[in-house]
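For reference, the structure discussed in these notes is given below.
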């Protein structure tokens, strides 16, 4: 087994989730490479030192450019805020590093296009962490669609509902709350939450044609952590859009951080001529399935507990009935990334795939601003 | 269409439910007889008068023996407490009346045997109001079992959980609470609730062989409405039993009025070699079904919304997706009773069927008292 | 108790539902009037005769104008297709009859305004059969909102999903399928299904400000029952819209007849600052409720089984745990209508209320046609 | 941080689950010891070598007695079949090793008593892997009960239903199927599945007084993997028992491997005077809770998604809404075991705790054999 030396940039929630994945993947998957936690990098030395100690990184860096200069780093994992993805990714590509980049890919399509150009020119392996593709139940949905079990698709519906910013006293910006500052995050729920829904949708249902969107910022001013003053909130608190897929089906997407009672309710539902499926992140190990071909007196939505060994990825884990959780999606992505570099095949979503998601996000924001339909 | 003149004895909850059924059945079912609310009978003249006025009974009686003497009564509906079922039913049979009797059939097996003997000697049409057989989802369960979809049965499980007697200040006895007085009710939850579960089970899964039971009375003394004094509580507050069916499957039954959070949770589940089903009174329009023959990657419990026109009884009501409720079970039983007298066929559960349920109830109570296994 | 003589126009699904309500209401509600099924009216003599016989109407008419001339008719119930509502309602108002009109009120706002003008000029009691307001769980939602339990509202979401027109061989038009012919129905799912969602929304959450909509007709041509030829389908098979309520909350509505697996899935969800609620027609006796004020370790969505006697309307029916169904909503509306005429108060939704729903429907259709935002 | 050198005996399903826990615990919990995978031991050298390589054990042994002789082993983890627990545990205690032993503790009470005596004499830290106590939702149940939220308990109900041995062609015995051979496993579902339910029950609800049980072996003969011949099946395929807890509440337990449609349905429900709770392994991250003190119009079962940071163990993992899975229960037990040795406190369930579970299991099997009530 060969080493795959990882250089991690960032140490937040995603830094933890990815580090866990690198450390666990070989215990469960039979692979040709073993990720090695070579270096962790962030400007704040104290914080990155503590993170590296906790997870067992062999070294630290406080300047990401130095990290890229190191010969002992094979792959760079970008877990920094969205507004630095472009610079880091392009430099990493130019340094010949493989890249695993957090989502969303970029602040906007223009940035994304530069990134794709650089990475494809460099020819390095790359992937973007739209991890929900690799929930076994979601991967199963892909299998069922590819087998033709749904037939012609009429509707694709998704939402991502949260409730953690309702309190008007919650500040914005700074390290913990940069997702509430558009200058750092690019947008609010659109890039943070809807981007996940869009990535899954493009993967399961193909490209989109056009969108009509609406955004809202419910709390107009919040104290900014960097200035200590009340400042206008620049992100979208909620975003809804409808539109058309190229296959003729209708799209309906919604996201908000003001849906009291929902912590992370990412749901999707697809209605086809022959069958329908739906899924819900809060019970991520189940897929609901309705098959019109069932005998009419025993026809109903089936609740599939996706834990048997013939389910995607599940032969690697435990036994039927025993569920895995959120963090395993990252383990699966690392496993697939390693399979990809072993076979010389891309591991979706690549930067190019993620650019397609960015195009939809940009169209959505443009439509909301102009109150017009916008082509993707 | 011919008249079927009904003489109702009683005016409580069941009196209402049955009256409603008689009045509605011809609006929805195409039948040869129309029930006519000829007379309502109870000792309390004021109460029975109000009841008769409300429901449109043409006359009242305050002596049930007089009711039986009337030539204009074809069928007697016994909604009086359990301790008078025997006397009324035998007299009604001897008077040549058809009989629709509330459940449980009798105070015990000895009474029940006298009743069956009398009614079969008289040769009158008869039925006992174990209405849950005629919830469409439960009737569908019978259809699925009879089609052989479940295969060999391993387990039959049922419970009936309520929580309305937890308050120790609730009195016992008298008109409203006779179900808490064993002298009137025969037993507590065993005859009131488990009898329903047993009737359904015998119908769906065949006869029982033996039982081992446990009963409990949590609140030992309550004020008695008739005496005004604290008196020992004579009923079983909870009853659990296990046992064997003749087909080799195992039985597990439980009932209580001390299950906080459950108002009327009658559930049943049957596990067969090929398929399983379960049902729950609180969502009575759904049947859950698991079919092992499904492709493994889309195998799961199906939630069947039993409202389509090809479901039992449902062609008579509304359109797919629109549910009926509790009261409709009585309408179905009246419809089937009338079909029965039209065709000269029995309408189950007959008195003889209900006697089988009584035998299980008696065995259960005997087992609980003796702490021994008892053959049915 | 006084008679309220009903003249019914139509004999279809709604004719049955309303007739049932008139016949049952006095068995369960204590009212000053008793509906009397005086006359049923339709052009097809054979069909209306059969309907009248089934339900016990005392007479029939084949010309609705003759019905309006009769002195023995107090109230007219309009269950005829949408394209004749206006003419009938205005004539009925001019004849001084009370009017109970099926939804949607009219083909469009212009018609609706004429109707409201006529009916208000005549000063007759009136109501429109948006029956879902009177599902006890939905009425309970209104109670909770009026008590201030939800606080400021952020989101109102509703959909109505069906799947009965997916088959491309289903014809359009004629008696049974007039809902698929825009010349008779006015629109497709917008008037048939979304109108229900909009009525409930305006009642629960107040007026709407603007909308952006999208419609789709998936099957472009179907055989027309009246011509026997393939003709263009003129209705909307699916309609989605987003928008704003006057209280600042965001609207998201969707309806379709192409959602495989859904027979009549009318759901609504309201997210407030303090609490959220959701409801689903397929389990209409439950209301889901999330209260942020609960202790955090026991906080979760509550599934309220709306069957206790302190729930709206439920003191009239059975006992806790025993559910009622779809048809009871009409009984409730008749009871409230009679209460209204007794007290001289309107019974919502009145024609004027229903006109507000029509305004939203028209704005939705206009927005879909123009691909522009439209003010209501 | 100090090393805690682990010697693992066994390499099956539990060997994997425990190894994973040792490797992960320090990434998420701040502890004074770090488990070191020092040695893995089994008779089959090839298999244990592969296991050790996969998980990173530093060495292997093929004789467990040699393992116990090694000075570099602090704690022994016994994942061998039940029939060797006693010999290994006593020897390990005598060698002064800490012991983490798979459940059930022993083949019977007599063995268990010897083990407890030895281990308490040696004074070594010990725990038994009844891991379900450490599902956060189950731990939360313990918190709620200890806070007095349920009040007096009336009912404790648990079952563990599986369906993997229905096929009569499944063989028995040998490495993979030793759980089907009573000579190795001690019993069938009683020790394998019900023991889990009993451990949780004793922890949550206190000691049991008496039981009445029934067992069944549905398939009487199966090919034995060691002899290649059809031999009598010696285990119980299903076991049901009822009984009394010392606190006056009633017990009802059931387990089977013949419940078609259930892979690992461990459910428990507790009904108290003031509140009730229920839990289900198939959706292990949720706890259902019913609080009678809620306002009556908003009273219902709450579905608590146990993922917030104030839930037991959950501050160590991800963010609200993102669930953990089955394997995390073992991580929690390792963390608590290390906390225990740090503070010099026992980590339940200890061997002594597990002996209490064994006593109930023995009473259950004795009752089933004798068809008599048996005191625990």
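Which chain is which? They are A, B, C and D, in the order written, and residues in each are numbered from 1.
Throughout what follows, contacts are C-beta pairs under 8 Å (C-beta built on N, C-alpha and C of every residue); 3 or more make two chains touch, one makes a residue touch a chain.
From a predicted model like this one, the values you see are computed outputs, not experimental measurements.
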Using C-alpha centres only, name the chain that sits farthest from chain C.
D
Comparing C-D with B-D, the busier interface by C-beta pairs is B-D
Geometric centre distance via CA averages, chain C-chain B, whole Å
36
In angstrom, rounded to a whole number, how far apart do the mean CA points of chain C and chain D lie?
55
What is the distance, in whole Å, between the centres of chain B and chain D, each centre taken as the mean of its C-alpha atoms?
42
So which bits of chain B are touching at least two other chains?
262, 286, 301, 305, 308
Could you pull out which chain D residues touch chain B in their complex?
154-155, 157, 161, 163, 166, 212, 214, 216, 218, 238, 240-243, 248, 250, 252, 254, 256, 258-262, 271-276, 290, 292, 301, 371-373
Report the residues of chain C in contact with chain D in the complex, numbered from low to high.
140, 143-144, 149, 286, 289, 291, 294, 296-305, 308, 310-311
Residue numbers of chain B touching chain C in their complex, please.
13, 17, 19-20, 23-24, 27, 54-55, 162, 164, 262-265, 281-286, 305, 307-308, 317-328
